[in-house]
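The structure appears right after this line, and notes come after that.
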Amino acid sequence: MHVIVDFTVVPVGAGISLSPYIAEVERVLQASHLQHELHANGTNVEGEWEEVMTAIRRCHESLHTMGVPRIHTDIKLGTRVDRDQCMADKVASVQRKLDQRSE
Amino acid sequence: MHVIVDFTVVPVGAGISLSPYIAEVERVLQASHLQHELHANGTNVEGEWEEVMTAIRRCHESLHTMGVPRIHTDIKLGTRVDRDQCMADKVASVQRKLDQRSE
Amino acid sequence: MHVIVDFTVVPVGAGISLSPYIAEVERVLQASHLQHELHANGTNVEGEWEEVMTAIRRCHESLHTMGVPRIHTDIKLGTRVDRDQCMADKVASVQRKLDQRSE
Amino acid sequence: MHVIVDFTVVPVGAGISLSPYIAEVERVLQASHLQHELHANGTNVEGEWEEVMTAIRRCHESLHTMGVPRIHTDIKLGTRVDRDQCMADKVASVQRKLDQRSE
(Lines give C-alpha, C1' and ligand atoms only; values in the text may rest on other atoms or scores of the structure.)
Protein backbone atom coordinates (compact mmCIF):
# COMPACT_ATOMS: atom_id res chain seq x y z
CA MET A 1 0.00 0.00 0.00
CA HIS A 2 1.45 3.32 -1.14
CA VAL A 3 1.49 6.02 1.52
CA ILE A 4 2.24 9.75 1.44
CA VAL A 5 3.60 10.95 4.76
CA ASP A 6 4.64 14.13 6.54
CA PHE A 7 6.51 13.60 9.79
CA THR A 8 8.20 15.75 12.41
CA VAL A 9 10.65 14.37 14.93
CA VAL A 10 10.96 16.30 18.21
CA PRO A 11 13.90 15.22 20.40
CA VAL A 12 13.17 15.75 24.12
CA GLY A 13 15.81 16.01 26.83
CA ALA A 14 18.59 16.66 24.33
CA GLY A 15 18.89 20.42 24.63
CA ILE A 16 17.35 23.21 22.64
CA SER A 17 19.20 22.95 19.33
CA LEU A 18 17.44 20.33 17.22
CA SER A 19 19.13 20.81 13.84
CA PRO A 20 21.83 18.13 14.40
CA TYR A 21 19.02 15.62 14.93
CA ILE A 22 16.95 16.78 11.98
CA ALA A 23 20.10 16.49 9.85
CA GLU A 24 20.40 12.88 11.04
CA VAL A 25 16.75 12.26 10.06
CA GLU A 26 17.66 13.56 6.60
CA ARG A 27 20.64 11.17 6.42
CA VAL A 28 18.49 8.20 7.41
CA LEU A 29 16.01 9.08 4.66
CA GLN A 30 18.78 9.51 2.10
CA ALA A 31 20.02 6.02 3.01
CA SER A 32 16.47 4.67 2.60
CA HIS A 33 16.31 5.77 -1.06
CA LEU A 34 12.71 6.85 -0.49
CA GLN A 35 11.45 9.98 -2.24
CA HIS A 36 11.54 12.71 0.43
CA GLU A 37 11.70 16.46 0.95
CA LEU A 38 12.59 18.49 4.02
CA HIS A 39 10.40 21.53 4.73
CA ALA A 40 10.24 24.13 7.51
CA ASN A 41 8.16 21.98 9.86
CA GLY A 42 8.92 18.40 8.92
CA THR A 43 9.77 16.02 6.12
CA ASN A 44 7.54 14.70 3.37
CA VAL A 45 8.21 11.13 2.27
CA GLU A 46 6.36 8.59 0.16
CA GLY A 47 6.62 4.89 -0.66
CA GLU A 48 5.34 1.52 0.45
CA TRP A 49 3.85 1.58 3.96
CA GLU A 50 6.40 -0.82 5.49
CA GLU A 51 9.39 0.94 3.96
CA VAL A 52 8.26 4.37 5.12
CA MET A 53 7.48 3.16 8.64
CA THR A 54 10.81 1.32 8.82
CA ALA A 55 12.61 4.53 7.82
CA ILE A 56 10.84 6.47 10.59
CA ARG A 57 11.71 3.74 13.13
CA ARG A 58 15.34 3.97 12.03
CA CYS A 59 15.24 7.72 12.68
CA HIS A 60 14.15 6.98 16.26
CA GLU A 61 16.83 4.32 16.70
CA SER A 62 19.54 6.55 15.27
CA LEU A 63 18.61 9.54 17.46
CA HIS A 64 18.45 7.38 20.58
CA THR A 65 21.95 6.09 19.66
CA MET A 66 23.10 9.73 19.41
CA GLY A 67 21.98 10.16 23.02
CA VAL A 68 18.43 11.51 22.72
CA PRO A 69 16.56 9.96 25.67
CA ARG A 70 13.02 10.68 24.50
CA ILE A 71 11.46 11.39 21.12
CA HIS A 72 8.03 12.72 20.19
CA THR A 73 7.07 12.27 16.53
CA ASP A 74 4.02 13.45 14.59
CA ILE A 75 3.03 11.62 11.46
CA LYS A 76 0.32 12.68 9.01
CA LEU A 77 -0.31 10.05 6.38
CA GLY A 78 -2.64 9.42 3.51
CA THR A 79 -3.61 6.35 1.54
CA ARG A 80 -6.10 6.14 -1.30
CA VAL A 81 -7.42 3.33 -3.47
CA ASP A 82 -9.40 5.28 -6.06
CA ARG A 83 -6.30 6.20 -8.06
CA ASP A 84 -2.51 6.45 -7.89
CA GLN A 85 -1.13 9.71 -6.55
CA CYS A 86 2.33 10.92 -5.64
CA MET A 87 3.44 13.96 -3.64
CA ALA A 88 4.16 16.07 -6.72
CA ASP A 89 0.59 15.44 -7.99
CA LYS A 90 -0.91 16.91 -4.84
CA VAL A 91 0.77 20.29 -5.15
CA ALA A 92 0.21 20.39 -8.93
CA SER A 93 -3.48 19.65 -8.45
CA VAL A 94 -3.94 22.60 -6.10
CA GLN A 95 -1.93 24.85 -8.41
CA ARG A 96 -4.24 24.01 -11.32
CA LYS A 97 -7.27 25.02 -9.26
CA LEU A 98 -5.61 28.32 -8.35
CA ASP A 99 -4.74 28.97 -12.02
CA GLN A 100 -8.31 28.20 -13.18
CA ARG A 101 -9.77 30.67 -10.71
CA SER A 102 -7.39 33.48 -11.63
CA GLU A 103 -7.98 33.10 -15.37
CA MET B 1 11.23 -0.66 20.74
CA HIS B 2 8.19 0.14 22.87
CA VAL B 3 6.03 2.97 21.52
CA ILE B 4 3.10 4.91 22.97
CA VAL B 5 0.80 6.18 20.22
CA ASP B 6 -2.27 8.33 19.73
CA PHE B 7 -3.85 8.08 16.31
CA THR B 8 -6.90 9.47 14.53
CA VAL B 9 -8.25 8.00 11.32
CA VAL B 10 -10.22 10.38 9.08
CA PRO B 11 -12.09 8.67 6.22
CA VAL B 12 -12.43 10.96 3.18
CA GLY B 13 -15.01 10.53 0.43
CA ALA B 14 -17.16 8.20 2.52
CA GLY B 15 -19.81 10.61 3.70
CA ILE B 16 -20.12 12.65 6.85
CA SER B 17 -20.85 9.99 9.46
CA LEU B 18 -17.54 8.53 10.58
CA SER B 19 -18.61 6.45 13.58
CA PRO B 20 -19.03 3.17 11.60
CA TYR B 21 -15.39 3.51 10.55
CA ILE B 22 -14.11 4.42 14.00
CA ALA B 23 -15.98 1.39 15.34
CA GLU B 24 -14.10 -0.73 12.77
CA VAL B 25 -10.78 0.78 13.96
CA GLU B 26 -11.77 -0.29 17.48
CA ARG B 27 -12.48 -3.85 16.23
CA VAL B 28 -9.10 -4.06 14.48
CA LEU B 29 -7.37 -2.99 17.69
CA GLN B 30 -9.35 -5.49 19.76
CA ALA B 31 -8.21 -8.21 17.36
CA SER B 32 -4.60 -7.04 17.73
CA HIS B 33 -4.63 -7.65 21.51
CA LEU B 34 -2.67 -4.42 21.96
CA GLN B 35 -3.45 -2.25 24.99
CA HIS B 36 -5.64 0.58 23.65
CA GLU B 37 -8.25 3.15 24.65
CA LEU B 38 -10.67 5.15 22.53
CA HIS B 39 -11.05 8.85 23.44
CA ALA B 40 -13.02 11.76 21.98
CA ASN B 41 -10.45 12.60 19.30
CA GLY B 42 -8.60 9.36 18.62
CA THR B 43 -7.30 6.14 20.09
CA ASN B 44 -4.33 5.58 22.40
CA VAL B 45 -2.42 2.37 21.86
CA GLU B 46 0.93 1.02 23.04
CA GLY B 47 3.20 -1.92 22.28
CA GLU B 48 6.14 -2.90 20.13
CA TRP B 49 6.70 -0.50 17.19
CA GLU B 50 6.06 -3.10 14.47
CA GLU B 51 2.91 -4.46 16.10
CA VAL B 52 1.41 -1.00 16.58
CA MET B 53 2.24 0.09 13.03
CA THR B 54 0.85 -3.16 11.64
CA ALA B 55 -2.39 -2.57 13.53
CA ILE B 56 -2.71 0.93 12.07
CA ARG B 57 -2.01 -0.41 8.57
CA ARG B 58 -4.76 -3.02 9.11
CA CYS B 59 -7.16 -0.21 10.02
CA HIS B 60 -6.41 1.42 6.65
CA GLU B 61 -6.81 -1.88 4.78
CA SER B 62 -10.05 -2.68 6.55
CA LEU B 63 -11.58 0.74 5.91
CA HIS B 64 -10.57 0.67 2.25
CA THR B 65 -12.25 -2.77 2.04
CA MET B 66 -15.42 -1.21 3.54
CA GLY B 67 -15.36 1.23 0.61
CA VAL B 68 -13.51 4.27 1.95
CA PRO B 69 -11.56 5.61 -1.05
CA ARG B 70 -9.16 7.86 0.82
CA ILE B 71 -7.92 7.98 4.42
CA HIS B 72 -6.03 10.67 6.31
CA THR B 73 -4.46 9.53 9.58
CA ASP B 74 -2.59 11.48 12.26
CA ILE B 75 -0.21 9.65 14.53
CA LYS B 76 1.54 11.09 17.57
CA LEU B 77 4.08 8.69 19.01
CA GLY B 78 6.67 8.63 21.72
CA THR B 79 9.67 6.42 22.43
CA ARG B 80 12.13 6.74 25.28
CA VAL B 81 15.25 4.85 26.33
CA ASP B 82 15.90 6.38 29.76
CA ARG B 83 13.26 4.22 31.45
CA ASP B 84 10.23 2.05 30.82
CA GLN B 85 6.91 3.87 30.71
CA CYS B 86 3.39 2.82 29.85
CA MET B 87 0.30 4.93 29.08
CA ALA B 88 -1.11 4.63 32.60
CA ASP B 89 2.19 5.96 34.04
CA LYS B 90 1.91 9.14 32.00
CA VAL B 91 -1.47 10.20 33.36
CA ALA B 92 -0.54 9.11 36.91
CA SER B 93 2.66 11.16 36.75
CA VAL B 94 0.77 14.34 35.85
CA GLN B 95 -1.83 13.63 38.55
CA ARG B 96 0.91 13.38 41.19
CA LYS B 97 2.24 16.82 40.18
CA LEU B 98 -1.27 18.28 40.42
CA ASP B 99 -1.77 16.72 43.86
CA GLN B 100 1.58 18.02 45.16
CA ARG B 101 0.75 21.54 44.11
CA SER B 102 -2.68 21.55 45.71
CA GLU B 103 -1.45 20.19 49.08
CA MET C 1 -17.80 28.41 15.86
CA HIS C 2 -17.69 25.39 18.19
CA VAL C 3 -14.51 23.34 17.98
CA ILE C 4 -13.49 19.97 19.42
CA VAL C 5 -9.74 19.79 19.96
CA ASP C 6 -7.05 17.36 21.03
CA PHE C 7 -3.68 18.93 21.77
CA THR C 8 -0.29 17.81 23.01
CA VAL C 9 2.32 20.21 24.33
CA VAL C 10 5.95 19.06 24.05
CA PRO C 11 8.44 21.24 25.99
CA VAL C 12 11.89 21.25 24.34
CA GLY C 13 15.12 22.18 26.09
CA ALA C 14 13.59 21.78 29.54
CA GLY C 15 14.88 18.34 30.46
CA ILE C 16 13.34 14.92 30.10
CA SER C 17 10.59 15.00 32.73
CA LEU C 18 7.56 16.66 31.19
CA SER C 19 4.90 15.98 33.82
CA PRO C 20 5.39 19.31 35.70
CA TYR C 21 4.60 21.09 32.43
CA ILE C 22 1.62 18.91 31.55
CA ALA C 23 0.29 19.57 35.05
CA GLU C 24 0.59 23.30 34.32
CA VAL C 25 -1.35 22.80 31.06
CA GLU C 26 -4.06 21.13 33.14
CA ARG C 27 -4.11 24.11 35.55
CA VAL C 28 -4.44 26.58 32.67
CA LEU C 29 -7.38 24.60 31.30
CA GLN C 30 -9.04 24.41 34.72
CA ALA C 31 -8.75 28.20 34.97
CA SER C 32 -10.31 28.53 31.49
CA HIS C 33 -13.52 26.75 32.60
CA LEU C 34 -13.55 24.95 29.24
CA GLN C 35 -14.73 21.34 29.15
CA HIS C 36 -11.51 19.27 28.99
CA GLU C 37 -10.06 15.84 29.71
CA LEU C 38 -6.45 14.71 30.06
CA HIS C 39 -5.54 11.41 28.36
CA ALA C 40 -2.33 9.44 27.91
CA ASN C 41 -1.13 11.41 24.89
CA GLY C 42 -2.74 14.82 25.19
CA THR C 43 -5.77 16.75 26.34
CA ASN C 44 -9.21 16.93 24.78
CA VAL C 45 -10.96 20.29 25.04
CA GLU C 46 -14.01 21.86 23.42
CA GLY C 47 -15.63 25.27 23.20
CA GLU C 48 -15.73 28.37 21.07
CA TRP C 49 -12.77 28.62 18.66
CA GLU C 50 -11.32 31.80 20.17
CA GLU C 51 -11.62 30.59 23.74
CA VAL C 52 -9.94 27.27 23.00
CA MET C 53 -7.11 28.89 21.03
CA THR C 54 -6.61 31.49 23.76
CA ALA C 55 -6.34 28.70 26.34
CA ILE C 56 -3.66 26.94 24.26
CA ARG C 57 -1.77 30.23 23.84
CA ARG C 58 -1.88 30.71 27.62
CA CYS C 59 -0.37 27.24 28.03
CA HIS C 60 2.56 28.35 25.85
CA GLU C 61 2.94 31.63 27.74
CA SER C 62 2.79 29.91 31.11
CA LEU C 63 5.36 27.26 30.18
CA HIS C 64 7.74 29.85 28.74
CA THR C 65 7.37 31.76 32.03
CA MET C 66 8.31 28.55 33.88
CA GLY C 67 11.53 28.56 31.87
CA VAL C 68 10.76 26.33 28.88
CA PRO C 69 12.71 27.89 26.00
CA ARG C 70 10.97 26.10 23.14
CA ILE C 71 7.58 24.41 22.76
CA HIS C 72 6.23 22.11 20.07
CA THR C 73 2.46 21.61 20.11
CA ASP C 74 0.21 19.38 18.02
CA ILE C 75 -3.42 20.27 17.65
CA LYS C 76 -6.10 18.15 16.00
CA LEU C 77 -9.37 19.98 15.67
CA GLY C 78 -12.78 19.45 14.18
CA THR C 79 -15.62 21.77 13.25
CA ARG C 80 -18.94 20.82 11.68
CA VAL C 81 -21.97 22.75 10.53
CA ASP C 82 -24.39 19.91 9.77
CA ARG C 83 -25.31 19.45 13.43
CA ASP C 84 -24.18 20.17 17.00
CA GLN C 85 -21.80 17.66 18.51
CA CYS C 86 -19.83 17.54 21.75
CA MET C 87 -16.95 15.29 22.77
CA ALA C 88 -19.14 12.89 24.73
CA ASP C 89 -21.34 12.37 21.64
CA LYS C 90 -18.37 11.19 19.60
CA VAL C 91 -17.40 8.33 21.91
CA ALA C 92 -21.07 7.39 22.48
CA SER C 93 -21.68 7.26 18.74
CA VAL C 94 -18.84 4.79 18.19
CA GLN C 95 -19.98 2.71 21.15
CA ARG C 96 -23.49 2.40 19.66
CA LYS C 97 -22.01 1.07 16.41
CA LEU C 98 -19.95 -1.49 18.33
CA ASP C 99 -23.00 -2.59 20.32
CA GLN C 100 -25.13 -2.95 17.16
CA ARG C 101 -22.56 -5.20 15.55
CA SER C 102 -22.19 -7.46 18.56
CA GLU C 103 -25.94 -7.98 19.05
CA MET D 1 4.17 35.73 20.39
CA HIS D 2 5.67 34.60 17.07
CA VAL D 3 4.60 31.13 15.96
CA ILE D 4 5.74 28.83 13.16
CA VAL D 5 2.94 26.54 12.03
CA ASP D 6 2.28 23.66 9.68
CA PHE D 7 -1.37 22.84 9.14
CA THR D 8 -3.41 20.44 7.05
CA VAL D 9 -7.11 20.89 6.41
CA VAL D 10 -9.09 17.71 5.64
CA PRO D 11 -12.64 18.34 4.38
CA VAL D 12 -15.02 15.51 5.35
CA GLY D 13 -18.31 14.76 3.64
CA ALA D 14 -17.42 16.83 0.59
CA GLY D 15 -16.34 14.10 -1.78
CA ILE D 16 -12.95 12.70 -2.60
CA SER D 17 -11.31 15.53 -4.52
CA LEU D 18 -9.85 17.93 -2.01
CA SER D 19 -7.81 20.23 -4.25
CA PRO D 20 -10.57 22.87 -4.71
CA TYR D 21 -10.62 23.25 -0.93
CA ILE D 22 -6.85 23.35 -0.54
CA ALA D 23 -6.79 26.02 -3.24
CA GLU D 24 -9.28 28.01 -1.14
CA VAL D 25 -7.00 27.63 1.90
CA GLU D 26 -4.19 29.06 -0.23
CA ARG D 27 -6.41 32.02 -1.21
CA VAL D 28 -7.32 32.74 2.42
CA LEU D 29 -3.63 32.76 3.33
CA GLN D 30 -2.77 35.03 0.42
CA ALA D 31 -5.44 37.45 1.66
CA SER D 32 -3.94 37.30 5.16
CA HIS D 33 -0.54 38.58 3.96
CA LEU D 34 1.14 36.09 6.28
CA GLN D 35 4.34 34.39 5.10
CA HIS D 36 3.26 30.92 3.95
CA GLU D 37 4.21 28.02 1.71
CA LEU D 38 2.16 25.11 0.39
CA HIS D 39 3.84 21.68 0.48
CA ALA D 40 2.72 18.15 -0.40
CA ASN D 41 1.02 17.48 2.94
CA GLY D 42 0.03 20.89 4.26
CA THR D 43 0.91 24.55 4.45
CA ASN D 44 3.63 26.25 6.47
CA VAL D 45 2.79 29.68 7.82
CA GLU D 46 4.35 32.01 10.37
CA GLY D 47 3.44 35.23 12.17
CA GLU D 48 1.86 36.47 15.37
CA TRP D 49 -0.17 33.79 17.18
CA GLU D 50 -3.53 35.58 16.87
CA GLU D 51 -3.08 36.38 13.19
CA VAL D 52 -2.13 32.83 12.29
CA MET D 53 -4.99 31.32 14.28
CA THR D 54 -7.43 33.81 12.78
CA ALA D 55 -6.26 32.81 9.29
CA ILE D 56 -6.85 29.13 10.07
CA ARG D 57 -10.31 29.92 11.47
CA ARG D 58 -11.09 31.81 8.26
CA CYS D 59 -10.11 28.72 6.27
CA HIS D 60 -12.69 26.73 8.23
CA GLU D 61 -15.36 29.41 7.77
CA SER D 62 -14.66 29.69 4.07
CA LEU D 63 -14.77 25.93 3.46
CA HIS D 64 -17.99 25.58 5.43
CA THR D 65 -19.44 28.38 3.26
CA MET D 66 -18.39 26.40 0.18
CA GLY D 67 -20.53 23.54 1.50
CA VAL D 68 -18.08 21.37 3.43
CA PRO D 69 -20.11 20.02 6.37
CA ARG D 70 -17.21 18.82 8.52
CA ILE D 71 -13.52 19.69 8.69
CA HIS D 72 -10.64 17.97 10.43
CA THR D 73 -7.46 20.04 10.76
CA ASP D 74 -4.03 19.16 12.10
CA ILE D 75 -1.79 21.93 13.36
CA LYS D 76 1.83 21.56 14.41
CA LEU D 77 3.20 24.74 15.93
CA GLY D 78 6.33 25.95 17.60
CA THR D 79 7.17 28.93 19.79
CA ARG D 80 10.53 29.78 21.33
CA VAL D 81 11.76 32.53 23.61
CA ASP D 82 15.51 31.89 23.53
CA ARG D 83 15.94 33.61 20.16
CA ASP D 84 14.11 34.80 17.07
CA GLN D 85 13.67 32.23 14.33
CA CYS D 86 11.76 32.19 11.07
CA MET D 87 10.84 29.27 8.79
CA ALA D 88 13.75 29.86 6.40
CA ASP D 89 16.21 29.68 9.33
CA LYS D 90 15.02 26.21 10.26
CA VAL D 91 15.75 24.63 6.90
CA ALA D 92 19.05 26.57 6.56
CA SER D 93 20.16 25.38 9.98
CA VAL D 94 19.65 21.72 9.07
CA GLN D 95 21.39 22.25 5.73
CA ARG D 96 24.49 23.66 7.49
CA LYS D 97 24.71 20.56 9.67
CA LEU D 98 24.46 18.33 6.60
CA ASP D 99 27.18 20.34 4.84
CA GLN D 100 29.51 20.19 7.87
CA ARG D 101 29.22 16.42 8.06
CA SER D 102 29.92 15.89 4.38
CA GLU D 103 33.04 18.11 4.31
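Annotations
A, B, C and D are the chain letters, set down in written order, and residue numbers restart from 1 in every chain.
Everything that follows uses one rule, which is that a residue touches a chain if its C-beta (ideal position, glycine included) is under 8 Å from a C-beta of that chain, and two chains touch if they have at least 3 such contacts.
All of these numbers come straight from a predicted model, not from anything done at the bench.
Between B-C and C-D, more contacting C-beta pairs join the chains of B-C.
The greatest centre-to-centre distance from chain A, using averaged C-alpha positions, is reached by C. For the pair chain B and chain D, the distance between mean C-alpha positions equals 25 Å. Per-chain CA centroids place chain C at a distance of 20 Å from chain D. Note: centroid distance chain B to chain C, computed from Cα atoms, is 16 Å.
Within chain D, the positions touching two or more other chains are listed as 8, 13, 16, 69-70, 72, 74, 76, 78, 80, 82. Residues 8, 10-13, 15-16, 18, 69-70, 72, 74 of chain A are the ones that touch chain C when the two sit in their complex. The residues of chain D lying in touch with chain A in their complex are 4-6, 8, 16, 19-20, 22-23, 26-27, 37-42, 44, 74, 76, 78, 80, 82, 87-88, 90-91, 93-94, 96-98, 101.
Within the complex formed with chain D, the chain C residues making contact are 1, 13, 49-50, 53, 57, 60-61, 64, 69-82.
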